[in-house]
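Structures are listed in the sections that come next.
Look at the two complexes coming up: chain A is in both, with chain B in one and chain C in the other.
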Partner chain A sequence: MTTEMTRTTCRILLLPILMISVGVLVKGYADIGDGFSAGVIASLGIILQGVAFGAEEFDRLPLVRYAPLATFAGLFLALAVAFLPVVSGDPIFLHHPVAGDSATHFGALEFITPVLFDIGVFLIVIGFCVGSIGAVARETVRRERDRGAQAETRRGSPGAPAERGDRR
Partner chain B sequence: MPEFITNPNLALLLFCAAFAAPLLTTVIGTWRPALTGIVAIVTTAACLAIVGISYVAELSSINVPWSETLGLRFHLELDGLAQMYALLATGIGLLVVIYASRYIPLHLEHHHRGLDEQPRFFGFLLLFMAAMVGLVMAGDAILQFVFWDLTAIASFYLIGFDRDREDSRTSALMALLVTGISAVLVLIGVLMLRSELGTYSIPEMITLESGGTNVGIALGLIGIGALAKSAQVPFHFWLPNAMTAPTPVSAYLHSAAMVAAGVFMIGRYYPMIASFDWLLDAMLVIGFLSIAVGGVISLTRDTLKQILAWSTISQYGYVVVMFGLGNEYGLTGATFYVLAHALVKSALFLTAGAVTEATGATEMSETGGLARRMPVLALGSGLAAAGLIALPLTIGFFKDELFFAAAWERGPAFGALAVLSAALTFAYVSRFWIGVFLGPVRIEPRSISWFLTGPVLVLGVSTVIFGLWTAPVIGIAESAATLPANGPAQIEIAYHLDARHENVMAIATWALGILLVVSERWWSPAARAVASLGDRVGPERLYNRTLKGLEYVSDWIHRVEVRDLRSRVATILAPAGILVGLAVIFTPNSDAFEIGNFDRGDLPVAMMLLVTALAAIAVSIPRDHLRIVITVSCVGFSLSVIYSLLGAPDVALVAVLVETMLGVFFICMLLLMPRSILRFETREPSERFGIRRDIVLAVITGATAFFVVWGVLSRPSPSTELIDRYEELTPLAHGRDVVTVILADFRGFDTMGEITVIALVMLGVMSLIRKGRLR
Partner chain C sequence: MTIALPLAILWFGALFIALFDGTRKPVGYTAVGLLAAALAATVALGIDVHRHGPKEMGIAGWEAGVGIALRADMLGITFAVVSLVVLTTALWFEVSRDVKARIFPALVMFMGLGLTGLFFTGDAFNFYVFFEISMVAAYVLASYGESPRQLRAALIFIVVNLLGSVLFLVGIAAMYHNTGWLDMDRISVQTPMLEENPVILTATIIFVAFSIKLGLFPFHFWLPAVYTGTRPAVAAILSGALANIGSYGLLRFGADIFPRELREGAWVMLILGSISIVYGGVQAIARHSPNEVLAYSTIGQVGYILIALSIGGEAGYAAAILYAVINALNKTLLFLSASLRGWIAGAAFAVGAFSVAGVPPAGGFFGKMVIFQIGIDDGRPLIVALVFVGGALSFVYMFQLYRARFWINQEADEATTKGALALVVALALAIVLIGVFPEPLLSISREATSILPERAP
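What follows is the complex of A and B.
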């Protein structure tokens, strides 16, 4: 079990880490970093919670529960950005605004479709990293529970064979 | 009214209707299983109606490009040949679907399967019909090939419909392999034709001058594919095995559709085939061999459907022979023969199914005397059998008349062979009908539905009707024969009461046939000997041997590869190392492997490289898994330092992140491994042999990688043009960071592929750990 200090620090760190990852994502076109790096940063922030609070708590986080679905949401978003231009007869991966046009600004931020594609990549990476670690976390929790139940039955009726044995 | 209603494009309409049929049947059938049969019947009837209308409308076609750079076009043409085969596919298809709408529920009930499997059957049956319709209309060779393969796939599911039975699965696989592998030959042939003649369009190919050897070889390859599909010697063995399919499938695929597709293909390419005598001679040999093998073995079989299957091999031999003879009678005769044969043979197949349904018997020796108990069925199949043995007043009489005329024109020897062949047919068909319907009653039949006997009666009666009123059939066959003949084709058939060759030959055939029927006791041991010789040394044995051998090799490789994790890694590294090593040795490399200058600015990079190398060596030292993971991370982290030293911050950032994530993944995997195994692996020393092998492998792959990298780096980089261009374009793409712009824009398609892989791996993880549940 981790100390209170670790847990508090990790909880406080989560939001800044997510902020940084979003920053890396939206500024990716102008600066170092892109959807992939942003995704991994955010995933590491979320996984840090698992390290601090243990597998059971981790598995209960909504961010972890819905992560696998995020993968496919991201895939569809990326596919849409890539292939929707085909509908109007343009080549795939035609990004808007096209070369020469000026982009809409919001502060220093530019609204351009490559960022949408990068958001798709971001969602896929986050879904993959958090989703797989979440799957492992849930599996370990399940095994722990099985082992507990097994010990319980053994204690309850001495000599009776265990119903659910170790799988390996 | 709009133009597309008053004057529709029938080719396109038929195509859409044919492919809508399986879709509608499956969707509605899944929703309401009871409606499956009705939907199937209605949609098939609609297709048949469109084919019918096409005979009174003008020639319709659609020809649009769909991949212009490759020269591919979506070209469908409802010409005479296409009309005839489409008529067979939809007409016989309709009767078979009506029959199956009653047969399949009973069949499923016998096998204790749910009625909800009906849509699966009708879906694939109609998909087959649609593929057949597409095949016959296709004017583009590649499009034709697509439909050709689609028929093989649909037939795989139909033959293997009783998937709980092993013989059914092996037969389905056999049919798929024989017709599928030969389909590859068709594709090769088509590509050769394209490279020789410069077009995929079949009508265009035919107009071109084409006498080259390569064209001949290409046509030969297509011919092999076609003959395999038509179950001709030596590819015939899949057809008798395919009899494990439910009866409607046999009646449809193995009399009117799948096997007919083969001779259709020959007809389509015939104007080109005709200019190569050796192709025609080969067809003659194969055709006569098939007639003999199919006929003799059919005489020895006892299972009803087996008799018919072997007889089909023999009957399509006739068609191939007539194409091989190639004279005017032969061409028109071949198309006419397919039409007549489909009519009568499907009736006989349906008869076999009905008999089995009524009595439960599948063997001829178990049945008998059914003429008195089931007069309607006996009448229907009797008329069909009369058609097949070419008695006068049936449509079948003319198919043999044309056959005799074509053979006689070639010479008396061919005439004699033709008479022998026809006598063989006479013998096995009579044996079938007499065995089932005459003699003592062995099993008392149950009464069966009209849906099972009706189609047989319809087919039988139409055999006689078209034997008397020949005009429509002749019209269909003539318009079909114009395409193989590449010009007008005329058939003049009528009953003549004189001593012309055809009549004499027909009478000789009947006399010989009757002689064969009554003398069964004397020749049957010889026929049996031929059949058992075929079992022992025939092509089927070769097929089984090859399959077994391949399985053995595959098992052996599998065993070597998956023995343990190390051998799995070895099977990847060893071939890669050896192959790349050979490539390095045989590449001319005069300027490669130079040692460049070393100035003081390179010192930090060199030091970090040393750290990386030391970390890599250190990986091999610890035995504890956690320590191995951490040491591996060390290698990665020191590499990312090198990236940042070389001025690649994007790469360095990704490397650090990936390395951190990988460490977490590795530790998670260790969590999932049973503790006892981890502990065992930590303590137990590896086998001596293993260590020696690992060292050899490591040296080979390491040395190869070293020399490849050295060789690449000592060459001056080819040009920085591309990089400059990317940098120049980046502002235009509204970006300032070249790497990100490359990933999301310039090379976006690559990124798309990579992230799709991530999503697939995700699915894999979820199915392994969570049995596929995503939440």
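What follows is the complex of A and C.
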């Protein structure tokens, strides 16, 4: 069990970590960083909550619950950016505005389609990291609970065959 | 017709199918339909390439060499079409019986995407990326069924093939180090100008990497354990679609990028191919379970591809392509029909068995005949003898298996549905059709070699 100190620190850290990850994501075009590293930073911040508060509390975070959907949304967004130019007969991944044209700036953020692609990558990384760690944590909790229940009833049943139960 | 269309169908399709529960029939059949659509798009692209020559698309409009290029030529398209045919058939087969995992249809589509992508890419590193997409799908597919036996098979498969992937990555890094390019065309221009030793080392590493995928003789050890453990549809996918990476890779990297090294290593390939044929055949005779016999048969059959490659020249490469195509169809038919019951399944299996043994009118006859002909034309008695010995061995084990499977042991291990029967019959008819009208396939495989340099032996 973690101390009150750890938990408070972790909770306070979450928002700054998310802010930094968005910064890294946006800065990627002028400076070091991109969707992948931003996604890793953000998911580490979220997973930290799981470490501090335990798997069950972790599951209650909306960010964790919708993580698998984020993977789908991210992959769809990235693919759409890649394949949409084909519709107008251009090669895949052609970005707008095209090389040589100037883009609109908003601080460090440039309004170009590769930013959308990177947001897609960001979502995939968050969805995958948080989703897979969440799945492992959930399974661990479930097994511990099963073991506890087994010890209580004192009847060691030989574990239900996993083949049938996993169909869906 | 754009190169991007088959990739777009497969990629968006796989993503879409992954959202739904794949054990439900409508979802499964939608996935089959999407795969068939990608197949149709690839065939249309093939017709376009046949008429107007190879196509190229630089990603984001960057010219080749600076950016990554997608390239569609007859060699890639031939393998893409065969792989998609195999995947569509195997998925349809499984859906018509009972899909046991919700992710199965999406995984088959992701594998189709990886395969199509790597057949269409002109960039060595991009090849590796698509290669890994299809391998990751294959890792999960190998554990499909989720019984301890399948998990054991999947573990072996993952460990061995990860080693193969790492080797391949090392090979690509070496190629980049030697030539300074990742674009395959530029690498193939550069390699003849380089000193020979580093290139031979690189070529050997890549040869080993693809041999592991193919299950060639000294690298075959993982293959029987994996094929016996997996379900029939997955075994068909692994041997009919995924193994195409190996044959295509040997042709693309061997004949296209390292032709000089391929010529120098021809005798090694001849020896390995010969051992593969004899070893696979003898081992298959000694085995009893159908998947095990077919697994060893696969080891034997890839030997012919290697021999055709070692002969080289237009005839040799065309024979390798022809053999790879027919072998993929044979193995799919055999793995699928061996799991069914009844005389119709038996007849379909017999067609596959004839094809492997090289008996006309099945398509396999032409695969063997082309190699046989080269052996006679070049005056190489060893190759002629090998084709005979290999054919005799496969005749023995195939009919041993037929007898054990369809005469002695009649009980069904799983549902034999009408849809599954119709599929294996269609596949058997296709193989007979190739045997009766071999000219289109012969001319396609000859056209596919036209992009390979140094076709003269």
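We take it that the second predicted complex is superposed on the first by the 152 of 168 C-alpha atoms of A that agree within 3 Å, B and C clash if a C-alpha of one lies under 4 Å from a C-alpha of the other, contacts with A are read in each partner's own complex, and residues count from 1 in each chain.
Convention: a residue touches a chain if its C-beta (ideal position, glycine included) is under 8 Å from a C-beta of that chain, and two chains touch if they have at least 3 such contacts.
What you see is a predicted model, and the numbers here were worked out from it, not measured in a lab.
In the superposed model, A:59 makes contact with neither chain B nor chain C. In the superposition on chain A, contact is made by A:95 with both chain B and chain C. By the touch criterion defined above, A:75 lies against chain B and chain C together after alignment on the C-alpha atoms of chain A. Once chain A of one complex is fitted onto chain A of the other, the partner contacts of A:120 are limited to chain B, with no touch recorded for chain C.
In the overlay built on the shared chain, the residue A:86 is in contact with chain C alone; chain B does not reach it.
Residues 72, 75, 79, 92-93, 95, 166, 168 of chain A touch chain B in one complex and chain C in the other.
Residues of chain C touching chain A in their complex: 2, 4-5, 8, 11-12, 15, 18-19, 21, 23, 57-61, 70, 100-102, 145-147. Of all the residues in chain A, the ones that touch chain C in their complex are 72, 75-76, 79, 83, 86, 90-95, 98, 162-163, 166-168. Partner chain A is touched in their complex by these residues of chain B: 649-650, 653-654, 657-658, 660-661, 664-665, 668-669, 671-672, 674, 677, 732-737, 739-741, 743-745, 748-749, 751-752, 755-756, 758-759, 761-762, 765-766, 769-770, 774-775.
Every residue of chain A that touches chain B in the complex is listed here, in rising order: 28-37, 40-41, 43-44, 47, 65-66, 68-69, 71-72, 74-75, 78-79, 82, 92-93, 95, 97, 99-100, 103, 110, 112, 114-115, 117-118, 120-121, 124-125, 127-129, 131-133, 135-140, 166, 168.
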